[in-house]
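Next come the structures, one after another.
Shared between the two complexes below is chain A, which pairs with chain B and chain C, respectively.
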Partner chain A sequence: MSTRTVAIASRTGLHARPAALFVKAAADQDVPVRIRVGDGPAVPAASMLAVLSLGAGHGTEVTLEADGPGADAALDSLAALLARDLDAEEAADA
Partner chain B sequence: MPDLDAPPRVLHGIGVGPGLAAGPVARMASPPALPDPRPVLPDQPAPTDLPVSDPDRELADAVRALEATEADLRARADAATGEARDILSAQAMIAADPTLREGVAERVRSGDDAPHALRSTFDRHREILAALGGYLGERAADLDDIAHRAIAAALGRPMPGLPAPGHPFVLIADDLAPADTVGLDPETVLALVTERGGPTSHTAILARALGLPAVVGCAGILDVPDGTLVTVDGTSGRVGAGVGEEEAADVRARAADERSRLAAGRGPGRTADGHPVDLMVNIGSAADLRGADLDGVTGVGLFRTEFLFLDRRDAPGLDEQVTAYAEVFSHFPEGTVVVRTLDAGADKPLPFLGLPEEPNPALGVRGLRVARDRPGILDTQLAAIARAAERTTADVWVMAPMVSTPPEAADFVARARAFGLRTAGVMVEVPAAALRAERLVEVADFLSVGTNDLSQYTLAADRQSGALADLLDPWQPALLQLIATCADAGRRSGRSVGVCGEAAADPALAPVLVGLGVTKLSMSPRSVPAVRARLAAYERAECEELARRALDAADAAAARAAVLTAGP
Partner chain C sequence: MPDLLDRAAIRLDAVAADRDDAIRQCGHALEGVGAVDASYIDAMVERERSVPTYVGEGVAIPHGTLAGKDAVRHDAICVLRFPDGVDWDGHLVKLCVGIAAKGDGHVRLLSELAQILLDPDSARALRESANVDEVIRLLQPAAQEVPQ
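Here is the complex of A and B:
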């Protein structure tokens, strides 16, 4: 199984708009991706409710997991997304 | 179809958005009630003699309901803009969440029918979010909204939410919550009438922000069938239900006359004999000034700063605050901007304050009281306001919310001065502060009466309580008497005394407040023309006479009647 551990860069943490962007990106991957905080249970990254319920704030380290062909590419792109401050990008849009 | 031969009925509520309107009603669909559970498994005991369904059919129904909910929310998101669009898109994603489908499938297998499986699955997720508290805890209410839509779809009922009858309409509802009114289009909604709700309810605030005539606490309005022609008088609170086309046309013509008369009024606020009254606006950020007609407006009487602090884990830094404040100040190079420092507390929780939950948040640690243990947030804010003030020619004032005693006021003023802020005052929201106004003006540069909270505390009536709307009415003579006490103290000391609550937006009340001695009225930008026009109709001595009549009345309804029957 491949894993990536990354700290949430978005100012508001992994909820609201950052969570929506992440969940959508996770659902668009070819492999199912799971996400957990520390040693907590891994939950589907494509589930908005499950991702919100992690309660991951700014700076919280999360671990992404996936199996099979394409897993590494999927994890790389999702980890890169979480390492960006998606709230700041929202402000830039406005 | 409405019964067109039924005689017209007159209903009465509290007018909270002045103006006249006439049109057919359409109601906000309310959340569906859950029917009795249907047996799904063959051996299940049934509370009624409903036919037994089967898990496959119930699961298919539930999934269809979730899909319909997602499609509906997606369509609403596409039609919305900005923040509303983001909120609705996130809600659509929740409706499509595979975790929900799995939960529902599990419930159906253990014997729930589609609506009950949806209810219990949503409830489980709601508990998880609520337990996380803070921002996520507040999102638990969003989950309820999605659940109501899905259950309505599973029951084959219309989805709760704004109606779309395809023509302009008078929106009727039990009460309106902020989420209900996302996407409300003031071009198609002619007026708002709610069965419950009070003068400080969300409906009232929304009506004034949009400039819509509105009546709240209107008992019986929900009995009026969709499509019935009604007339709405948002000043007197009178609603004529089942009127004829002729009367509706007459009201529309009067409304049009009124609008053109108000639009013709320009310039600063003053009475008929030229006594000046500062007309100011209430805003939450610079965005509220976009498109606003500020002719004759002398500045911002209430700049709420909470928006910078909401929905975040850490307090905003100094630089971020300086930028936001400076943007507002730049709109009024020759005006006054009164900044209210952060008004948060157990009733408006902010995660980074880390305040404990309180059994009675309205009476708890809120407003200036937060600075007792956490003065850092207030100091940073005062520093940011002072720095932003240096970049502008606007006259920047600061005031603290929820001040109760003169020493609290003195402490705040000293803090503000230490940062170089010249004009520092306090809000009067607590009866104790109003009663001691004479002492407050010895230490504070000005007073600003927040009538929403002052009514709640004076009449001991929760602002959220629709059942007590009559007590929360800003026309209550006890409230007016406290305002008079503040105005007297201001007059004797030469200090400015303003009103920045919802009361200031009521045109009929404006001459009364001026008669009591109030010198500044601050309101939503759209309320300015009607207030200006009403003030211009009275001489100062007449305002004083109206104030005497209102003070002399037994209750709010009597005070309003005494003033409205006096003309002009």
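Here is the complex of A and C:
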């Protein structure tokens, strides 16, 4: 199993817009990706409710997991997304 | 501090013409309990256009943009049920939990709410209960104020 651990960069945490972008990106991957906080249960990264239930705030370290061909590429892309301040990008758009 | 969920911010038999109407009703409910200024309502509609807040299970969680936070007076949620459903970008929404939160309060609040909704029995009870007290009881873990 491949894993990546990354701190949530979005200033308001993994909810709302950052969560919506992340969940959509996770659903678009070729492999199922799971996400967890610390040693907590890993939940489907493509489920908005599951991702919101993590309660991951700014700076919270989350771990992404996936198996199979393409897992590393999927995790690299999703980890890079979480390492960006997606809220700042919203402010820039406005 | 008041509880996050005021009885006056719960409506079990709301009717909305469309998604934006439903969001505005949530905003008015939050305004009605003194949680937000009127400008927050536009921020909620704006947020929805930028990022839909449908989360599954027939539930949407409308809330304002980051810029709208200045219009929040205190953290609060409202619960509006639409028994006839509201077309939400192709999803049928029967329950709206409107959210007003300053700072990071919303992260814990959303987490509690999501954990409740991930339980299919709780989610169904929230969509179908005819009783305000039961709605409050179901949302209790989310609605309790944490010491700041």
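We take it that the second predicted complex is superposed on the first by the 94 of 94 C-alpha atoms of A that agree within 3 Å, B and C clash if a C-alpha of one lies under 4 Å from a C-alpha of the other, contacts with A are read in each partner's own complex, and residues count from 1 in each chain.
Heads up, the rule we're going with is that a contact is a pair of C-beta atoms (placed from the backbone, for glycine too) under 8 Å apart; a residue touches a chain by one contact, two chains touch by 3 or more.
Note that the structure is predicted; figures quoted are calculated from it, not measured.
Contacts of A:V31 after superposition: neither chain B nor chain C is touched. Using the contact criterion defined above for the overlaid structures, shared-chain residue A:A79 touches neither chain B nor chain C, since it reaches no partner. After overlaying the two complexes on the shared chain, residue contacts for A:A42 are found with neither chain B nor chain C.
Contact with neither chain B nor chain C is seen for A:V6 once the two complexes are overlaid on the shared chain.
Touch criterion met: A:A16 reaches chain B and chain C at once.
By the touch criterion stated above, A:A56 is placed in contact with chain C alone, chain B being left untouched. In the superposition on chain A, the residues of chain A contacted by chain B and by chain C overlap at 12-13, 15-17, 20, 47-50, 52-53, 55, 57-58, 94. Against chain C, in their complex, chain A makes its touches with residues 12-17, 20-21, 47-58, 87, 90-91, 93-94. Put simply, chain C touches chain A in their complex at residues 47, 50-57, 63, 65-67, 104, 106-108, 110-115, 117-118. Within the complex formed with chain A, the chain B residues making contact are 82, 86, 89-90, 93-94, 97-100, 125, 128-129, 132, 135-136, 139, 311-314.
Across the complex, chain A meets chain B through its residues 11-13, 15-17, 19-20, 23-24, 43-44, 46-50, 52-53, 55, 57-58, 94.
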